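Next come the structures, one after another.
Across the two complexes that follow, chain A remains constant while its partner is chain B and subsequently chain C.
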Partner chain A sequence: MANTWGYGAMTNSLNDIQNAKAIIIFGANPAVNHPVGFRHLLVAKERNNAQIIVVDPRFTRTAAHADLYAQIRPGTDIAFMYGMLNIIFKNGWENKEFINDRVYGMDDIRKEAAKWTPERVSDVTGVSTQKLIQITNAYARQTPGTLLWAMGLTQHTIGSSNTRIAPILQLALGNMGVEGGGCNILRGHDNVQGATDMCCLSHTLPGYYGLSDGSWKYFAKSWGVDYNWLKGRFKAKEWMNKKGFTLARWYAGVLAGKAGEDKIHNAGTNLKALVVLGNGITSIDQQAKVKEALDNLELIVIADPFVNEAVVLTDKKDDVFLLPAASQFETSGCVTATNRSAQWRSQVIEPLYESKTDQDLMFELAKRLGFYKEFTKGMLMKENKKSFKWPEDATDEFARIIKTIGFTGWTSKRLKNHQKNWDKFDHVSLMGYGPMKGEYYGLPWPCWTETHSGSPVLYDINRSVKEGGMGFRNRFGLMHDGVDLLAGKGSAPKDSANPDGYPEITAKNIEKVLGITLSASEKKRIGKNWKVDTSNIIAQKCMERGMAPYGNAKARANVWTFPDRIPMHREPLHSPRQDLVKEYPTYKDKPNHYRVDTRYASEQDKEDWSKKFPINLITGRLVNMNGAGVETRSSKYLAKLSPEMFCDINPGLAANHDIKNGDMMWIHSPSDTKIKVKARFTYSVAEDRVFLPMHFAGYFQGEDRSAHYPKGHKPYAVGESANTVTNYGYDIVTQLPETKGGLCRIEKA
Partner chain B sequence: MQNTTQKALSTRIGRRSFLKMAAVASAFGATSAFASGNVTRAATKEEVKNPFPGSKLVKTICTSCSVGCGVIAEVQNGVWVRQEVAQDHPVSLGGHCCKGADMIDMVRSEIRNKHPMVKENGEWKRISWDSALDRISKKLEDLRKTSGPDSTMFLGSAKFNNEQAYYFRKFAAMYGTNNIDHQARI
Partner chain C sequence: MSSFARMKFYCDEKRCIDCDGCSVACDEAHELPVGISRRKVILLNEGIEGKEFSTSVACMHCTDAPCEQVCPVNCFYIREDGIVLHDKNICIGCGYCLYACPFGAPQFPTDGAFGTRGVMDKCTMCAGGPEPTNSDAERKLYGQNRIAEGKVPACAAMCSTKALIVGDAQSVSKIYRERVASVGHGVQSAPYGWSKAYGK
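What follows is the complex of A and B.
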């Protein structure tokens, strides 16, 4: 998404969906996973007669609310959306003016879409031609239409193409930058957006600054530490610039060197220690490998309010530390909701028992590791203080530093004020009234200045920049293949001093692009460009001229830096349709993918997987559970609603294996792993697939691991982890695991 | 009135058990069996109206999903005693799902981790924070010296608040590695 138009985040908000006239949902199940947010969709249905369309391999509870439902084969969303685009272009339903002024590369899409006739789409996706035409007709002819997705779209080897084709569909229809439109990614955990913005990520520094020398120098300066000291902390400078391991594949960093394991590139060492703060690593793909990796570590440190079931999975006998972490109600700070808005979370009680907050744990470790002073200095710098106040000074620290996604306006004072007055905001637009007038609830980023309103709808040129308007970001240069990448004539945000496209603002071009003259003092204080301008002169001047600091450019349908320049359908590594694998093969194997060699073609071509593993395997959530599930399984009431692990299976499929409702069954994976679970009959899955909830742990390949819980800490429900049998496979760009399009074999236990 | 209640709270029975009993008493009427013993007493009129006199309401946010529903937590003497939906929250508008409604029980769950533990020779053993932190940092520093900072993997969380997430990234940077990640990658 970020590679399409600048930012990778939900473009509108849940409340804004009330403005939609049509709603299409790919691989998301908000009725179960975001129940309270889902009511905004139902308002749109009731008030605007908006059709709800669900495209999902499983008839979910969201599908039960839908007007139209397509039971798609897992991993074929690209084919489906090209099918929609084929019909849209054929009938001239695309928004030509929007495409002309604001999109680069749509002609390439047009060519590819022409190949995806309804018949071909039907063959690949398993959805009838009539259903495809009906859905396209219902969605494309009602504007604005909003498009929602979640992990069902992203967790694939082609996830990063999926997250481009969906924006392309919206761009073709002109559904971007309008109320009731947009690409609305539903984040899972409460602070997925925030923790991602803060970049607990191996490929970038906070605010998506990347890992270049310039970024490290900017952060060293902003943290108040010497760049050379920071550099000296790394093994060598080159390792500052190289992406690290990811959550999906850290295990490979431990296991490398053993027979059959993928090769790693990690500064000449394997991983030997693992430090986990609040991450349910039992809900990650390839649990058997995760277990083996845990067993082979020298040190495991885990801080969690409940027993992180990684310690139950491992047989490691020594140096496994389990630390009691405080919950988020025992500390305070801000959290970013799915729509980029910040909410202040007040502390309810002091940490219970001996638990410590995550920040205190980090401070204590930093003291002992000798960098506490450097670690906390950033909090003292704004006002040149002697001591800091957590969390306010931390909030103000990142607000001071992170310009890329417009955090300048997120001061702790303003965020607290929003919490205090949360009753004074409109329920659809989220615009404040009374004392909150002129501000959107939670100041959705980018929030360019300390008085900015926040931006409720990304890329909306129907409002001024001061009121949250903007074009697409100028992030990919000024020209490509001789085509101008800046926005077309007349497509600047309302009240812009420059009515056309313009580049991102730098100290060098500011006077020319904004048509202003800087004073000598301003010239002295201004930063090199808008991303590192801590003086905020660029943002201030831009607001005055009604222009966005990041420029006004075209979105791009063609990402020339990606392995697939336009999204291409590729069959999953383990595909039930071997005939299609030849036509739509996966990528070549990728060396050094986040420090580990990753198999694509060699895995797909190894054998005809569909012979031994004929059933599609999909995973997802339950309404009463969350993530790896230990929090919710530690509640008596929630655990009771789904006391044991199960497998949703169509009675027709079950009958062929002599499995009765409630029988125990084995599920085997291509990685030679298996789980034993209870069969639950349902017609929500077709006969060629089964569904597993992802929230259980405590059993491993048929073995009850209860004895490994510390006494008195076993959750009220335990079971096999679905991720013991989810298949090998990782996204080609982001390395997200393929948990939604694998294969399996079943048998009666 | 509040003073009376505070006095009652500091009598010989524990606060929690008192509250339970007072609640029972008010629900069933102050029967003689409850009222006559030394163990308990009748709830005051004020307690019948409000079982948690002097409590504070704290506005906060659910930690379950990214909708970010408002939560009103009622706290009395440092104890989270009741949870209510936030009728006036602009996104959740008084809504809660079963997970959100359970926040109070999650926090007060009996099976929470209560003190640092370490596995030694396959057995769980209780240790102090100081000992845990000293041992962990010694081991980390040893590994840092012998194998380099890239021998450690840091896994953070989408359950962090923003300040913690930002500081965790900074922690890995100052430790000297890019081996850091959390649950979401797109």
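What follows is the complex of A and C.
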């Protein structure tokens, strides 16, 4: 997404889905995972006659409300979407003007799409040609159409190609930058977007600034700390600029050096300590490896309001610390919704018993480690204060620093005002009225200045920049292979002083591009470019000229920095179709992938996995459960709805293994792990695949580990973790695990 | 509420997504024993394309309530607004009402070795029972009395897609008629204008 058009976030909003005339959903199950948001889809269906189309390996609750449903083989979304594009190009249903003015590289897509005839797509995806044609007809000929996805699209070795082909489909149809269109990625938890924006990640600084020296220096200055001091915190300077481990593969950092484990590149040392702040690591792929890693750590510190089941999984007895973290009701501050809008929350009660808020845990840790002053200094700088007020000063700190995604307008004062007046916003357009007129609810980013409205629909050139309009971001240079990357003539946002494409704004080009003259004082105060201009002169001048600080460029269908320049179908590492593996092989093994040597071809070619493991394995969520599940399994009313771990299995498949409804069954994975679960008959899965919910823990490979819960803390429901048997495999760019396209073998227990 | 209104539930099958928000809201609001399900979401034809659907069922608060007709000890009473309630101090837990009910609404405690049958429990439409309104005794026996507080019953308030609607029959049918009439007429977004943030 970010590599296609600038930002990797939901482009419209759940509310805006009401404006759609067609809705297509890949690898997402909003009726289960976003039940409240799903209402907007149902309303679009009622009032707009919008057709809902679901493409999913499983007939989900969402599919039950669809007009068209395609049961796709896991991991073949690219083939399916190329099949749609094939039909679209053949019939001339693409939006030629949009492609010409606002897209780079669509001709490369056209060439690849030509290879994906309906017959070929049908062979790869398992969807009939009639269904493919029917779906393409329904979707391409109704505009605007919105495209939704979630983990079903991202958690694959080719996830980063999946998340490019979907935007490409939308670009081809001209469905971007319009109400009722867009790529609406559904975030899975409260504040996932906020956590990503704030960079709870290992490969960038907050606000997606990356890890270059320039970024570190900008943050050092903005945090009021010495760059050399920051540098001194690292083992050697080079590690400042290197990506860290990811959540998916931290275990490799512990286990490296043991027989059969992947090599790591971590300054000559293994990981020795783990600190977990509010992450259910029992919901992580390769659970057996996670357990082994936990057992081999020197120190485990876990902060959670509930008992994080990592401590139930591990056999480590000493130096395991459970810190009682306070819940969201015991603290205050802002969170970011899936549509990039902020929501201020107030504290309901003081933290109970000896629990502490996350920030207090971190402040105490910083004090003990001796950098509390540096850690908190950024909050004092705006008004040059002696002490800070949480969380207002933290919010004002990031509003002051983060320009890349337009946080300038997110002052604590404005966000609190939105909380107070939340009833004065329209439920579909998010536009405010009365005292909130001229602002969108939650000021969806980018919110360029302290008076900006927020941007409810990204890349919308039908509204002016000050009303939240913008073109695509100029992020990938001005030219590539001799082709202009700026937007075409006349495709600037409404009321723009420059009607055409223009580059991102810097101190050097501002006068020329905006057609203005800066005063001497402005010239002195202005930052080097829009991303580091804390004087806000660039943003302010841009608003006056109706231009976006980040430029107005083309989106790119060809990402020349990626292993696959255009999305290519590649079979999962463990594919049930050995014949297709030869035709669509995976990548070469990737060394030093977030510090870990990662197997691709060597794993795929090791053997014909489909012989011993003939059944597709998919995982997903239940409506009554959340994440790793300890919180929801600890509620008796929620646990009552799914008191036991189970496996959804087609009665036809079960009968071939002599498994009856309610029987216990073993599921074996290619990694030599297994789980024992209860069979639940349903026709929602085809006969070649089984489905596992991902929320259980407390059992491990048939062993009941309930005794490991601290007394009185065992949840009402415990069971095997699906992630004990999800397969090895990681995305080539992001390293997300391949939990949605593995293989397994089943037998009656 | 008009003086002739009767309180009714309606569940729109086209909107119900089997999320169980209603049943969990009910369990939680009234702190019910785990074995009691005043409200349940029923899913039928799971996984079969074109045939799968779900709906939420509880006591339907019938006008001519069969439970009331068959009760041997006359523990039922029907409020003026049509809400069917019963007196747990009179109920003998015989289960006749369960035979009579077309919806399987009456619930009996299931704790104990042989599924001991205690006094009946059912949906009160969040209107409590014969004990003094909002008293501890009422809360203990029947759960919250939200109707007395002017609140919507917990199930419909929680419903994520607003499939489940409750209120006097006229309001319920008005909401549903509006939904049907608005089909195909486009989105209802307010035509608010723009105020000028940058002075132009």
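Just so it is clear, the second predicted complex is superposed on the first by the 749 of 749 C-alpha atoms of A that agree within 3 Å, B and C clash if a C-alpha of one lies under 4 Å from a C-alpha of the other, contacts with A are read in each partner's own complex, and residues count from 1 in each chain.
The rule we apply is simple: contacts are C-beta pairs under 8 Å (C-beta built on N, C-alpha and C of every residue); 3 or more make two chains touch, one makes a residue touch a chain.
It should be emphasised that the depicted structure is a prediction, and the values quoted were computed from it without experimental measurement.
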*Which holds for A:Val178: it touches chain B only (first), chain C only (second), both, or neither?*
neither
*Please indicate which partner A:Leu638 is in contact with in the superposed arrangement: first for chain B, second for chain C, both, or neither.*
both
_Quick one: is A:Asn624 in contact with chain B, with chain C, with both, or with neither? Answer first, second, both or neither._
both
*Return the chain, chain B or chain C, that is in touch with more residues of chain A.*
B
*A:Met362 contacts which: chain B (first), chain C (second), both, neither?*
first
*Should A:Phe398 be classified as contacting the first partner (chain B), the second (chain C), both, or neither?*
first
*Counting only touches as set out at the top, which of chain B and chain C does A:Leu736 meet: first, second, both, neither?*
first
*Classify the contacts of A:Arg39 with the two partner chains as first (chain B alone), second (chain C alone), both, or neither.*
both
*asked:* Quick one: is A:Ile87 in contact with chain B, with chain C, with both, or with neither? Answer first, second, both or neither.
replied: neither
*Touch check for A:Gln193: first (chain B), second (chain C), both, or neither?*
first
*Of all the chain A residues, which ones make contact with chain B and with chain C?*
35-36, 39, 426-427, 623-624, 636-638, 641
_Help me check something: in the complex, which residues belonging to chain C touch chain A?_
14-15, 17-21, 23-24, 27-28, 34, 46-49, 52-54, 160-162, 179, 182-190, 192-198, 200
*Taking the complex as given, what residues does chain A use to touch chain C?*
18-19, 31-32, 35-36, 38-39, 42-44, 46-49, 59, 61-65, 69, 426-429, 431-433, 437-438, 451-453, 466-467, 543-544, 623-624, 636-638, 640-641, 682-685
*In their shared complex, at which residues does chain B touch chain A?*
58-70, 73, 75, 78-80, 86, 88-93, 95-100, 102-103, 105-122, 124, 129, 132-141, 143, 147-171, 173-186
